[in-house]
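In the two complexes that follow, chain A is the common piece, with chain B as its partner first and chain C second.
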Partner chain A sequence: MAPIQILKLQNTFKPGGKVFEVERAAAEHSGLVQMLLQDFDDSDLEAIIPISVDVSDKGLAKVFEWMTHSKDLPKTTDDGSVRGPDDSAVNWKPLTFSDWDKKFFDALDSEALYEILIAANYLDIKPLYELGCQFVANMIRGKTTEQIREILNITSDFNPEEELRIREQKALVKDESETAEKN
Partner chain B sequence: MPITRVCCLVCGSKIEDQSIDPPWLGRFRVLYATEEEPNFARLSGLGSRQQFSDVVRLDAADTDADAELVDIWLMRTNFGDQPLAVPEAVDPPVWGFPLHAACWSIMAEVCSPHKPDIQLFFDLCRSFPVDLGILNWGHDYAGSVCYLVHQSELAAGEESQLWNTIRAGTHRYDPLNIPEISRVFEHSNPDIVDFGPVALPRVDTKSGYRDDFARLPIELLQVILTYLPTADAGSLRRASRIFGAIPLHDEFWRSRFWPGREFDFIFESKQYFPLVKGRWRSIYFSIKALSACPPVANRQRIWKLGSCLWNLLSEAQTKLNGKLLGDPSGSDAGPSEPDVHWSTASRAIIPLNESFTFGARVLYDRMIPVPDQLAALFVSTVEIYGRHYVSGIRFQQRSGNSFSLGYIRQLQETRLVDYQRGIRGLSVINANTKRRSQWVGDSESIPRRRLVPGSDLRSTVKFLKGGFDARDDVLSLRDSVLWFPDVPLPHLKFSGAQHMKTRKEDLPVSTFVFGGYQGQDLGKLLRLTVDVKMDDTILALEAALSDGLPPIRAGISKTGKSVERLEFEIDGPAGERIISVESFWIRANTFLGFKVSYPQLGYILSDHH
Partner chain C sequence: MAAPIRPVLAALWDATADYDERDVAMRDGITKAHGLMDSHEYSEALHVIFETVSLCPCMAPSDSAAATSNGMARHGKDKACHISQFIAALQSEDPEHPKALCQLASQPCSCGYSWPSCPRILHAVALDALAECLNKADQHVNALSTALGTIRLDPACAVGYCRAARIIHQLLIAPEHSPAARAMSGLLKVASLPSADALRELLRSLVRTGLYNTSRSRTRPRGPYYFILQDIAHRLKIKEARRDPVEWFPAEVLTLIFSHLDITSLIKCLSVSKRWNQLVRRDSVLWEDLRLNRPRNPGRFLAKFLQQHQEIRTFVVYESSSFSLNGSKISTIFYGLPRLQRLYLTALPRPSELPGLDFQLRQAPGASLTQLTLVYFYNQRPVKKLLDLTCNTLEVLDLVGTDFEVNNTLGSVFLPRLRKLRVTLGHLTKSHHQRGVIEMKPIVKATPRLEQFFLDGFTIQWFAEDDDELLRLNEDDAAATCKDDLWPSLNTLVLGPRVLLSVNGIFAAYKEFSALPPLTSNMRSIEILCHDPAVAHNVLFAVDSAPHPDNPDGPLPVTPMPNLEVFRCTTQLLTRSGLRQILEPAAKSGALKVLELAAEPFLLFPDEEGGGHERVPFQPKVHLDYVVSPNLHTLGLRDFNCLRYPDDPWNPPDLFDGQPFIDWLDSFPSLHTVAVYPGPWAGVDEFIMKLIKHPRVQVIHQDVLRGVAWDRAVQLAETVEVQLNHTPRYMPAGWPLIED
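So, the complex of A and B:
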């Protein structure tokens, strides 16, 4: 029997989750799915694979869209360099977004972006959560505190005591910031 | 002590003889080629500067004292017959571009894990002029050299030659071997930070606080912080109480040493990283405390210069499109240039047998016939030390087919113009790597000859040359000189300006119209102002107009004691009109002054010569 090429995945976090059909090559971006595939034989895989993560079906659909589009990408970086914070990140370089990735992330609202980050983390899709984190980092880069709050939809509710505590804690970072700005 | 001066192509500091202290200034290598194989570049072993000559070990691995030393010609600028050479003097058969051994090692770290392409590096060096032993990349080596004329005194299109090295204290410190840095890594203490489970603050939605980051797992929040420059991470922690509550992880501090980050030039971090886990925070602050010390500052300066060079080298690896016309250095003769009339847009191309101290030199020609049925023309540009240059052209036919010339970088492409009419041919001459170009063409199709702002007599390495149809047989002034900022309108005539065609410097000509193209605003002229420097050089001309119109100005805006402002009132509203302008010259290229006549009140305006 030919190996199963289409996997069925369902989010069981809340009842009534949609059953997604995902190509196996795409689903293998997920470390979690890879682990499950090792544990089951093909006859098990005809059944629905349950996953449980607090995101909507809409958010999951975006994740599967990215996986399907990127199914031919290497599942781990193959040039020996690791793109994220890892013990071997000696040759780290900033992640670059392909045109498709750029359009994909640009089109997301902040709710969808958070959901993708949560799902990518849960499903252990390293390239996707790295791209997502880099995308958030790019949004923040060069912005003031107030601009960041506006972009990320954060309201400030620090009371004076908290402000003081955070400022003390942050004296360190402020100091660094000044150095970095000078550089 | 050597009688000539040569400077390192990376850091710009002088390369000294071996007796110098500090010794690193006297230890150098050379990117070189030989007379027999001018297009085969290699890296030498260590060389030595002597009083009347320079010698080098040809093999890069040769560093021991016994290896054979060969005479070498450093920073060669002339490749033809040398009329002034002493008859019995023989030019060394080896020539090249020197760099300190320490700077080479830093370059290697900049490029890591890749290796710089020696041939490309050498060709890049050949494509830039050499002023007084300093390779002129178009920057001042981060303050290591000064210009003959300060950049602020240059008009558009002018460029200054490099003049002198600056003896800055920090530039003499060995940038490679810095014991203080090793000491930081070897003697760092474990960070006293609790990396145990972190409890994020609860977000009380009832209080009105909203922060969606509260939903994200802490690992992701840490990754986001790691991806941010330190200043931005600080801003984010001030903006979000969630981020504010996360202790900065070891990985965050280590990421400050990643490529492109604050301390990327502390490349020792790669060597030590497996050994110093859990100590990155204290290492970060120790290095920060060191960053003002002279050897570290010099390392950082040279690292930045090396990074710029590496960017340039990486760019130059793009495939060069088009049919090879032939290498003017003679060793790689390609097919001959077709017998057509070329109208060139190139400026200041220096022939191989002349001293290459400014302008540009052509290393490779490329040519393609321009396809018919053109739908669009795309131009690729490249940024070199803050200026943009054209690097390639792509023709797109209506069928969608593309034909490319030069270096095509689709991400940086600009759609230039849609062609309605044909062009006979277009050829790009380029100097293998970086490029700047003017576009020559019919200004009705391509309104400005200048394609890209900021390009000028820079050490260019690539030009476009346009071959056009028969209309170009007789070139008017408008078509044959450079204009800044715009090519003047077709109906303007330029009496008495024909000699400008033959000027060697080929500087751009500025026009400004203060009376309106039909003369309708001549009555609004109130004043002509001339800014003159102490040496009688005219810096700027300005026309002041009535009716609240802004003044029209051409030239350099500079004020100060050395600038004298001469004002000449003209009562345009009362009917005064300029009737003639005379200019005074010694030889065709030395301008003395000019005289403007306007008869009613009889004023004479002239430069104060």
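So, the complex of A and C:
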């Protein structure tokens, strides 16, 4: 078995970013890292790979935690194909939350969730990005407008007239969940 | 020795792409001043800073020193006018949209001194060094004044806010009798603030305003000072610092999130905030499919609403007591949505004696409708109207819960592109025999390219048996062979549970003209779910012309159907050889995936030779030994009991033997779903338990478990992760169920 390669990554967006050590197998979830690694010889691997994204080290640590845990999951390569751990082609399967994923996402506050999504978007980690968006969608689904605002800490910037107009439009479409309850 | 560059300055320097000599000189000056400050040489540091500030191009080189010293001189030592102006502005800030500070920065001081304004960040950093230096030299009020002056330089720059916030914070936590504490009481007096709490509140207002002003600046990237300010805001637990991020999710993240939501949640998202409203409304993909589900009071808004969502391709409308479908609404939908492709209209089920929905439409819609679903449209006039207007483009037509008069409608409209047709009868007011008879001949002729057909509720017939018609039919006899050319593309046939045949008896059904065109080798799915065995016999085996010479009384040989994937027949009495003709080619080719049969207890497969009277216990492995399709994944059996035939036929035992069925499962390596409806025998519970424990079975459909047995089975199914369903009759796959 090949020895486990460790990559060093540092966020240079703010000064004094922490240097993260991540297994290569885990880091390769990131399309960006895959791309950067193409320019590296194996001898260069000691060098620190610079990334620059408006995310705190705490948020990045969470992202690397997910990547490390999911390092054996099939990875999406830049040509769009999906590769298993031994680089064999794998059929694409819809993403589902594993129990670990559920715990992982449930434990996040909205700030961390935001940072993870930004980082996943920047680092091009498709499964994490997709799961994160699904998670937020699940938070929103079935909630009232007020609840959505509360969950995501959003303040309404409509004035009362606008609010009324929107409500009229909304009245066109009845709450499907109400229908479901009746049936 | 040159002092090391401070990290913040270094980061700032890295972020600035183009700098000239002057910038380098300013940076070096600031660094030098930092070094002097570190060795407590404050007056020397001040001197260096003043020189550095004067390097900034905004200062006219000739009188820069004069201007700076002039300003200092004019403001004297307490800087009272400057500070109190700031405090007044901060106190009057609107927390949601702070503007006062920006206004203040653009005006000269009340004493007449015109503060410099400069967008160069190094200028601000130099002033910041000055404020730091003054602060370290215990000239706290002067330092604050300088920091506030930095804000005046450029209110969108975070540097001044950071320094001012730090100074105020330092004053607030100063120990008693220190110079800082004295400076604070002086400050309170100057600003006429009642207490330290008021100053604390002021600090929060300053940071909040700073975040607002700096985060909305489009000219300046969010540099290191912005993050320091954000950090301060976090420590002060200011709401804005937390609220900002999620609300300002990048558009692409929000769009992906929205794509996971159903239309109801999207509607909610519309009213969350202006930004969300814009993103949701402008995303045309999200609005392709819309279910307009019993709208509350849409009359006035329907047209406007549709106008705003021109991207709609699928539109589902449910009629309700507060939203009745009428001509004007339907024409609004019809003509108002240029990209509409699929239209579902569900009317309220009306009592049959009342006239159904009726309306007028004048011209064809602008859109090319490919799918039309009409639910509970009893009245045939609007149906005919809609069909006439869309017949050239329709590919899918669903008439769910329609009236038996649909017979006249369907045959009279030519639908050249129709691929999928479902017709199910709604209300049943007529007596058994008068129930809607549907004549297949005109329908078949009007739909030459049909691929999938689903019929339920009707009595089927090839052609009406009027005496006059019969005459013409005989004339047509030569043409009867032409039936072979009809529905050449048909691959899916579903006859629902309520289908009847116009004749009674199986042998009559054989000899009767088949009610449908002969099934071709294209067939992929046949589901005959009705209770009358005559239907299955007629459709599968009926004689079309002369009886077959080899088998004068028996059925015609069936066209081999090697592509057959689904075969479900809920009535028994397919002869052994007939069934073999249907299933063997598909089993051999490996196409067969779903099989469901019925076996009357003790009487499956009457042998032709024995005249159908030899009673044998059902042994699927023996009787259906040719069904060994490797891809078969769903297996169903109804009305069966594999017990040996009882001695007394009038008093059969209650016992049940299902073991042969379980043994049979071994023939199907891909099997994961079983559907068993054996009937109410004693001991069936144990049979189901065995199925649950079967290693390959993952899904079970059954209808026999009750009460305690059901609870027990559910528990067992949970432990072995088998999905257990109570489904007396399940609907054909591929035809979405519309609540009826």
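Just so we're on the same page, the second predicted complex is superposed on the first by the 136 of 183 C-alpha atoms of A that agree within 3 Å, B and C clash if a C-alpha of one lies under 4 Å from a C-alpha of the other, contacts with A are read in each partner's own complex, and residues count from 1 in each chain.
One rule holds for everything that comes next: a residue touches a chain if its C-beta (ideal position, glycine included) is under 8 Å from a C-beta of that chain, and two chains touch if they have at least 3 such contacts.
Bear in mind that the values here come from a model prediction, so they are computed numbers and not experimental data.
Novice: Using the superposition on chain A described above, determine whether A:Glu21 touches chain B (first), chain C (second), both, or neither.
Specialist: A:Glu21 contacts neither chain B nor chain C.
Novice: Applying the touch criterion given at the start, work out whether A:Glu46 contacts chain B, chain C, both or neither, answering first, second, both or neither.
Specialist: neither
Novice: Considering only the touch criterion stated at the top, classify A:Ile148 as touching first (chain B), second (chain C), both, or neither.
Specialist: In the superposition, A:Ile148 contacts both chain B and chain C.
Novice: Once the two structures are superposed, pull the chain A residues common to the chain B and chain C interfaces.
Specialist: Looking at chain A, the two contact sets intersect at 54, 110-111, 114, 117-118, 121, 129-130, 133-134, 136-137, 140-145, 148-149, 152-158, 162, 166, 169-170, 172-174, 176-177, 179, 183.
Novice: Could you list, by residue number, the parts of chain A that touch chain B in their complex?
Specialist: 54, 81, 84-85, 87, 89-94, 110-111, 114, 117-118, 121, 129-130, 132-134, 136-137, 140-146, 148-149, 152-158, 162, 166, 169-170, 172-174, 176-181, 183
Novice: Note which residues of chain C are touching chain A in the complex, please.
Specialist: It comes out as residues 7-8, 10-11, 96, 222, 224, 227, 242-243, 245-247, 249-250, 252-253, 256-265, 267-277, 290-298, 301-302, 304-305, 308, 739.
Novice: Tell me, which parts of chain B touch chain A in their complex?
Specialist: Chain B residues touching chain A: 112-113, 207-213, 215-217, 219-220, 222-224, 226-241, 244, 248, 251, 254-255, 258-260, 262, 270, 273-274, 284, 288, 291.
Novice: What part of chain A is in contact with chain C in the complex they form?
Specialist: 14-16, 54, 110-111, 113-115, 117-118, 121, 129-130, 133-134, 136-138, 140-145, 148-149, 152-158, 162-163, 166-177, 179, 183
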